[in-house]
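In the two complexes below, chain A is the common chain; its partner is chain B in one and chain C in the other.
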Partner chain A sequence: MTYNPAHHPDAVVRVRDLTKRFGKVTAVDGVTFDIRANTITGLLGRNGAGKTTVMQVLTGQEFATSGDAQVFGESPAENARVLSQISFIKESQRYPDDFQPKHVFESAPWFFENWDSDFAARLVSEFRLPVNRRIKKLSRGQLSAVGVIVGLASRAPLTFFDEPYLGLDAVSRQLFYDRLLEDYAEHPRTIVLSTHLIDEVSQLLEHVLVIDDGKIIIDEEAETLRGSATTVVGMRSAVESFVAGRSILSREGIGGLASVTVGALSADDRAQAARAGLELSPVSLQQLIVRRTHVTEKEFENQS
Partner chain B sequence: MTTATPTSATVSSDIRPPQAGNAHPMNRIWNAARLNLVNRWTVYWIPLMILGFIWLVNLAIWWIINASVGGADRTDAMDGTQWSGASFYIFVYMLVIAVQSMNMTFAYALGLSLTRREFYLGSSIAFVLLAFSYGVILTALSYLEEWTNGWGLGGHMFTSVYFGSGPAWQRLFIFGAAMLFFAFIGALSGTIFMRWRTNGLLIAAALTTLLIVGAVALITMTQSWGLVGEWFVTSGPQGVIAWTLLPTVLSGFAGYFILSRATPRG
Partner chain C sequence: MIDEARPIFVQIAEQIEDDIIAGSLAEESQVPSTNEFAAFYRINPATAGKGVNRLVDDGILYKKRGIGMFVAEGARARLIQARKDRFRDEFVRPLIAEAAKLGIDPDQLSDMISTEGVTA
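Moving on, here comes the complex of A and B:
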């Protein structure tokens, strides 16, 4: 399967045939995609799929094995012009042993020209982060809050969040989503959000990239993706006659009832389904990705 | 959308990085230096407190000697403190600071989107500043020690034979250059670990050991230990320390190139 993403004139990230190997392990396998300016893109995939590696190459932390990665039109590796525009918040971020959060909030502003210290102070109190405690002694959630606050307050033109909220409770995660959306509306910038909590972020995302086993398997607008599948539920015979000839993503059934997930439906299709007494329900982004990943895997298996 | 954000201002076929006010190369390198010094407790207060404690312990020992030994024996014993290594701790501490910097501060610096080059140059500036400031502190203490006649007890901690008793600039040079030596040896070890992990350190340690054993063998075979001793005596502390500048500078350059392809891994 080859991907030919549309050439976006306003792409701030342009990746072409990027490969990264660690010894014999190929973490990223010839990926090609663009990320448009001033959008929120979800970089989704299972653990170990290659999400972090892609972001590490884009932020100059890892060096590509082959292929081309351009950020703001230049290679990011050891490029201060590019890197000074980037904020990369990752779950595995390490801090000096002797640091307290206050040292982070003192030093981070030196490197981000858009840093908003009032916003940072507000976030510190909202996340109830103890700023005078050794970072080593913070809970997992508090440690994540440090990163989230830096990522938001830095207002970098290109911000990467890599699983930013490990250990954060539901309230704090909601707080993160709320502040992210508010601040994004006021200060548009390009945001890449990598997570495995797909349903939680699905309303935030404008574009979706799904990476699996080092390859991009979905590169679509979130809106298109959300409408790209519908589950049809009803009497088996009615469902079967309705889905005949359509692309079927998954099929379940109990007794005389059937539940079939099909591709995009037109308004006419929906009317027809209603007449046949069928129930239509949208498929969540998470279900969709799980199914699409599955389908793609099967395709790969069939080809090889 | 004509917002103030730099990226949206240039929606052309080729988006260039917007010019950031803060992105001036020298600013970023200087800020990388500050990153190493942001926690004053780690770089100044704690090591100085430990130094103060060691000084107190020494003071107590000198007092015991003064109280329990008399006459020629006392003079003899107090002269012996010229060989005191009590202040060596501070140099080892400097080495640890540099190792930690190349390890954890490096990972943090990359997280703040610094380049490796900016981080290394900035850290080197921080090491020079630390070495200089500790040089000034130790020089001042060495004069204090002289003026108080060894803290009133004839003891030596900052005026030991290793540091000499030359003019101020010479003492500053000895203390500062020794600090720099330990800093860059530490930095080199830190970068070797960052680049090649434990295996790299093991190989580096093995090579260093071989070099030392080789040198010892060479000196012993040619029966030139006398010459070596003579060299130390004629060079004096400032001469010996001047020679350490060579490995210091070499380590500094080596660290730069080793770190330039290193990546912190969690």
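Moving on, here comes the complex of A and C:
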């Protein structure tokens, strides 16, 4: 996909031709994108695609090998003024050995000037988090809840959630999505959500960035992506004559049946397909990304 | 409630239209805020706002500054007329075209519809 970075005047993150190498491995390969202020942006892609590396550079935890990354108009590296406005919630967050969740929440106001302790207390009760237990003794899901609560209650102007919910059950994840949407609506801020549970979050997102093999392959409004692909299923000959001349995203088949995913269809296209006895089915954001990143859906779902 | 095939803001706008047509959102009554729609449908508030704004642009809803969004007078009749036009384009015309293809004349078609109407 050819890709033309938009230059947004209200971008809080501005990345230009950013490359990050670890030895011989190029984790991020010349990416350029903006993240607009007060949006929820999905940073999506397979494991090892470069999502976490991008976030590490943006949060000053890694230096860029080349290129430029600006956050709030400045370089984030060793920049306290920028970093004080960022909350970065990651899957592998470590805490001091004898820490309890309450220690995390009590120290949070030192780092986050917008910290809302009432909101944190409400989330603790909703997630049923034992605040007086040593963090080492918490379950994986409870540990994730600590991170999610910090990420929400910190109300940082720029918040990164990097696969924040390992071990959280479906009920807790829904709680996270609901509180995120509510609080974001009341206190607009910039949120970057990186996850492989794409179908769960697709309705939350305003903008979608997909990174694959170190490169940005999709940089698009979520609403534009929705309905941008359709799968056509039917007898092979009918499918082939319908899709001829269209842009084809993927193609599968078994025996005399074919299933081909193509770009957006007009109302006339749909009527024509119906007359030809073809079945049309919408392609979810997750399926679209799977097709664009050339992995099987099973491979995609198995990663975490 | 929200399907994958079409933009969410279009579906939100249609949902509000349905509520106005059904009468559950009366003319001159206040509609929920963008944030309330977002929380209810679990969607991004910007997306909900886009759906609401589309109805404002169409004159179905109007804004009262500092108070909120209201259903415009005459909105219901206008929506029903628009839906009737769409019904003709999307259902009646293809129906007649298909009937002609099969050699069903207008009288026979009319009989078939009446019979279906009785059994439905």
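Everything that follows uses one rule, which is that the second predicted complex is superposed on the first by the 288 of 304 C-alpha atoms of A that agree within 3 Å, B and C clash if a C-alpha of one lies under 4 Å from a C-alpha of the other, contacts with A are read in each partner's own complex, and residues count from 1 in each chain.
Simple rule for what comes next: a residue touches a chain if its C-beta (ideal position, glycine included) is under 8 Å from a C-beta of that chain, and two chains touch if they have at least 3 such contacts.
Because the structure is a prediction, the values reported are computed rather than measured.
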Going by the contact rule set out at the top, does A:Pro282 touch chain B (first), chain C (second), both, or neither? second
For A:His103, decide between first (touching chain B), second (touching chain C), both and neither. first
Can A:Leu181 be said to touch chain B (first), chain C (second), both, or neither? second
In the superposed arrangement, does chain B or chain C reach more residues of chain A? B
Have a look at where A:Arg21 lands relative to chain B and chain C in the superposition and call it first, second, both or neither. neither
Could you tell me if A:Arg226 is touching chain B, chain C, both of them or neither one (first, second, both, neither)? second
Give the list of chain A residues in touch with chain B in this complex. 9-12, 37-38, 56, 59-63, 72-74, 78-90, 92-100, 103, 106-108, 110-113, 156-158, 187-190
Quick check: in the complex, which residue numbers of chain C touch chain A? 2-9, 34-35, 38-39, 41-47, 50, 94
Residue positions on chain B within touch of chain A in the complex are 1, 3, 5-8, 11-18, 20-23, 25, 28, 31, 34-35, 38-39, 41-42, 100, 104-105, 107-108, 110-118, 260-261, 263-264, 266
Chain C-touching residues of chain A, taken from the complex the two chains share: 39-40, 177-178, 181-182, 184-186, 203-206, 222-223, 226-227, 230, 271, 282-285
